[in-house]
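Letters A, B and C mark the chains as written, and numbering starts fresh at 1 in each.
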Amino acid sequence: MARMVTTRNKVISTAAAWLIGFLIFFPILWMVLASFKTELEAFAIPPSFLFFHWTTENYVTVQERSDYLHHALNSIIIAGGSTLIAMLIAIPAAWSMAFSPTKRTKDVLLWMLSTKMMPPVGVLVPIYLIFRNFGLLDTRSGLIFILCLGNLPIVIWMLFTYFKEIPKDILEAARMDGATIGRELIYVLTPMAVPGLASTLLLNLILAWNEAFWTLNLSTLEAAPLTVFIASYSSPEGLFWAKLSAASTLAIAPILVLGWFSQRQLVRGLTFGAVK
Amino acid sequence: MGQITLQGVQKSFGPVHIIKGADLEITDGSFVVFVGPSGCGKTTLLRLIAGLEDVTGGAILIDGRNVVDVPPAKRGLSMVFQSYALYPHMSVRGNIAFGLKMAGIAKDEINRKVEAAAATLNLTPYLERKPRELSGGQRQRVAIGRAIVREPKAFLFDEPLSNLDAALRVQMRLEVTRLQKQLGTTAIYVTHDQVEAMTMADKIVVLNGGKIEQYGSPLELYEKPNNLFVAGFIGSPKMNFVTGELARQQGAATIGVRPEHLKVERDGQGGWHGTVAVAEHLGSDTFLYVDAAALGTLTARYVGELDLHPGDRVSLIPDPARIHRFDDSGKSIRP
Amino acid sequence: MATQQTQLLARTLLTPAVALLFIWMIVPLALTIYFATLHYNLLDPGSESFVGLENFRYFLTDPAFLASLQNTLVLVGSVLAITIILGVPLALLLDQQVVGLSIVRLMVIAPFFVMPTVSALVWKNLLMHPVSGLFAWIAHLFGLPAIDWFNDAPLFSVILIISWQWLPFATLILLTALQSLDEEQKEAAEMDGASAISTFIYITLPHLARPITVVILIETIFLLTVFAEIFVTTGGGPGLQTTNIAFLIYSQALIQYDVGSASAGGLVAVVLANIVAFFLVRIVGRNLEA
């Protein structure tokens, strides 16, 4: 039932929405612009918005500094690894709770959720000491492990809500059609679950990529992902705005793209299905 | 072959007894309908036969073999679900072929069978479409196609028509019945709609509160209901029940008369007197809802048009041969 | 589905996840509790001794704790207020007919995907720098003196950055909720003669009550332990002006190496978060029934 909207209202709301959208987006845009300026122009007052000498030298410099690539690779391995492992553990668990629920399923889910609500700073000390004693400080595997556990409740929860939407009837139909559990998984469940699996994967890649508590506290150099690398620009001697902007742009670009793809699933993932 | 026998089948979920011991003999090739109000256990009973639930006690024999420990896939039955449960990511062809593929049948054999089934169900033009591109009636036919293509020992239908609109439901009712007669395969059909039950069934099982109230042909149930529940459930509009003095005069606790067995007379002498509260004129029939003082509201059916209006006085004369009598416990009293 | 065979399989598949999360929850927490009762400093190894509740007394009476508790509450409260007060009208606006809505949506949601260290540095340098930042230049255009944000209003600056990051989250959730509002309900209200404002007050706002609660609870859980933004911009200073509880615990553990006292602080943070989590879990749980 479309409501009648006058053209005037539409023009006003469109203008307002675009203006506010632009303001909110502006810091990111400003950063991207700065990344194409020379260091001198990036500092310049008054600032130049578009009519400056466009250059890609910052990107070249950032790429040439091998440590950028090193940290980018760390980010990919840590975010990717922790997400994949979490998915491997979560898929069977969510499958089991969605399709074979018991009286305790709800409690188990809520308990899992509550582990996510424990503030990481509450367990910083023992985790730090455990990592130190097992030689896990500043290692990729250590960070993969921690981020995997940290995101596991969200992964399970999201997958659960997606699986729950697959009608039980269809799985039973497959069973009546003579499919074994394995074939039921391959031919019926997986194809139907792919959209849900994909958005869970995406959201958790984003969360792991941007995670900035454990990465800052548990890694310094070798295993440091981009969050830590960018943070190193905060020291006074690292004040190269154009290069900082170029490195930052590279660090957030892939995740912005993924995020834009998954924005609709984001709500479900972050509110644990409390808002639909 | 598709002879299905239930012997003392029981099912409980924890302390809740859903099926309290069901005994039933379904002969090969017959069309049996499970009917009852919601929550009576009819769907559970069907799922027990399908193997989608474990029985708590008793035996289910298919062609003489006890199958309670046999997984659903190995029972040789096929099922049509209320939601149709089509595989959304597969084409119509893929949906119908899935069971055959799981059985490891050769490709060209599968194609031949799928196309034959599609032809029977007028689905040939839609074979390459996805379920979401089909209308409700077409989806329904795909679900049926998926069931018949495997040539099962029996079809199980779980309220398959309840999601269709009224006109389509009547049409599919006919198609299902015709198809079943044509194939000669045993069918068990669950519904809460007694009209569906009466029109489709060779035999009806009336279930209530997890117990089988009566098992018999539609006309047996209509003419000789075992008890108050069956009498009230079968027939539309519902049977009128009268208790008190009038019933006692007939030697019963309750007497029942179907609306079509009440003769309507304007200002008549005998019978039960009352005032018309609502008159429904269908052209072919006239339904009268009559306030009959101590007897409560009685329903009467008159074949053809009867020019009566709210407020008119009428008398209703029951056909003495068609009065059903029930004792204190609700059981039928038969002469 | 309810056959015994599948039940057994289901239990087996659930076990690894439950076991891992159980260990993840119980081991560090138990260690934190244990350390909290010790005198334990990494710079002074071998001197560990049981001190009972001494660490708690020390941590809770430390003026730094009170300051950081106050900062935490101000930060959480301000960000919540800003994101909700701006988020509701923004969501309402995006729920209107807007040309190019999908692009506007992308622009609005973008800050949420920016890693905290990047947004903190971009705001700190490119925008809020007292000499070369864009804000200083804008102030100059209007003939106003430039503000040295991180010296004159450090906590407010941090709040501003964090609000920018979380406004998209609030907006997106409220927008999703608005879109699920039954159009016929609004039409019914219109038929009943309700004005646009009454419709908003009596239909839309009650519908938003639950998503707003959810936004408050989830944001609170994350905001209680804001860390990277402070770490990168102010390092908790000047003085203690931007030190929140998370940052205080971090500095006690990894700068002063006082394990005992940091653990006691950690437990305080856990208790605070659990108070919020209690309500959130109840809401989510109720939703699970429906």
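As a convention for this text, contacts are C-beta pairs under 8 Å (C-beta built on N, C-alpha and C of every residue); 3 or more make two chains touch, one makes a residue touch a chain.
Not measured: the values here are computed from a predicted model.
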Chain nearest the global centroid, as defined over all protein CA atoms shown: A
Chain at maximum distance from chain B, centres defined as averaged CA atoms: C
Between A-C and A-B, the pair joined by more C-beta contacts: A-C
Centroid distance [mean C-alpha coordinates] between chain C and chain B, Å: 57
Separation of chain A from chain B, taking each centre as the mean of its C-alpha atoms, in whole Å: 53
For chain A paired with chain C, centre-to-centre distance based on mean C-alpha positions, whole Å: 16
Residue numbers of chain C (touch at least two other chains): 1-2
Two or more partner chains touched - positions in chain B: 52, 71
Chain A residues counted as touching two or more neighbouring chains: 172
In the complex, chain A residues that touch chain C: 1, 3, 5, 9-10, 13-14, 16-18, 20-22, 24-25, 27-28, 30-31, 34, 42-47, 89-90, 92-93, 95-97, 99-100, 102, 106, 108-115, 117-130, 149, 152-153, 156, 168, 171-172, 181, 206, 209-210, 212-213, 216-217, 226-228, 230-231, 233-234, 239, 241, 244-245, 248, 251-252, 255-256, 258-260, 263, 266-267, 270-276
Footprint of chain A on chain C - complex, ascending: 1-2, 6-7, 9-11, 13-14, 16-18, 20-21, 24-25, 27-29, 31-32, 35, 90, 93-94, 96-101, 103-127, 131-132, 134, 136-137, 140, 164, 167-169, 172-173, 176-177, 180, 183-184, 187, 210-211, 214, 218, 221, 224-225, 227-228, 231-233, 245-246, 249-250, 253-254, 259, 262-263, 266-267, 269-270, 272-274, 276-277, 280-281, 283-285, 287-289
Chain A to chain B touching residues, read off their complex: 167, 169-170, 172-180, 183, 187-188, 191-192
Complex contact set, residues of chain B against chain A: 50, 52, 71-74, 77-79, 81-89, 98-99, 102-103, 146, 150
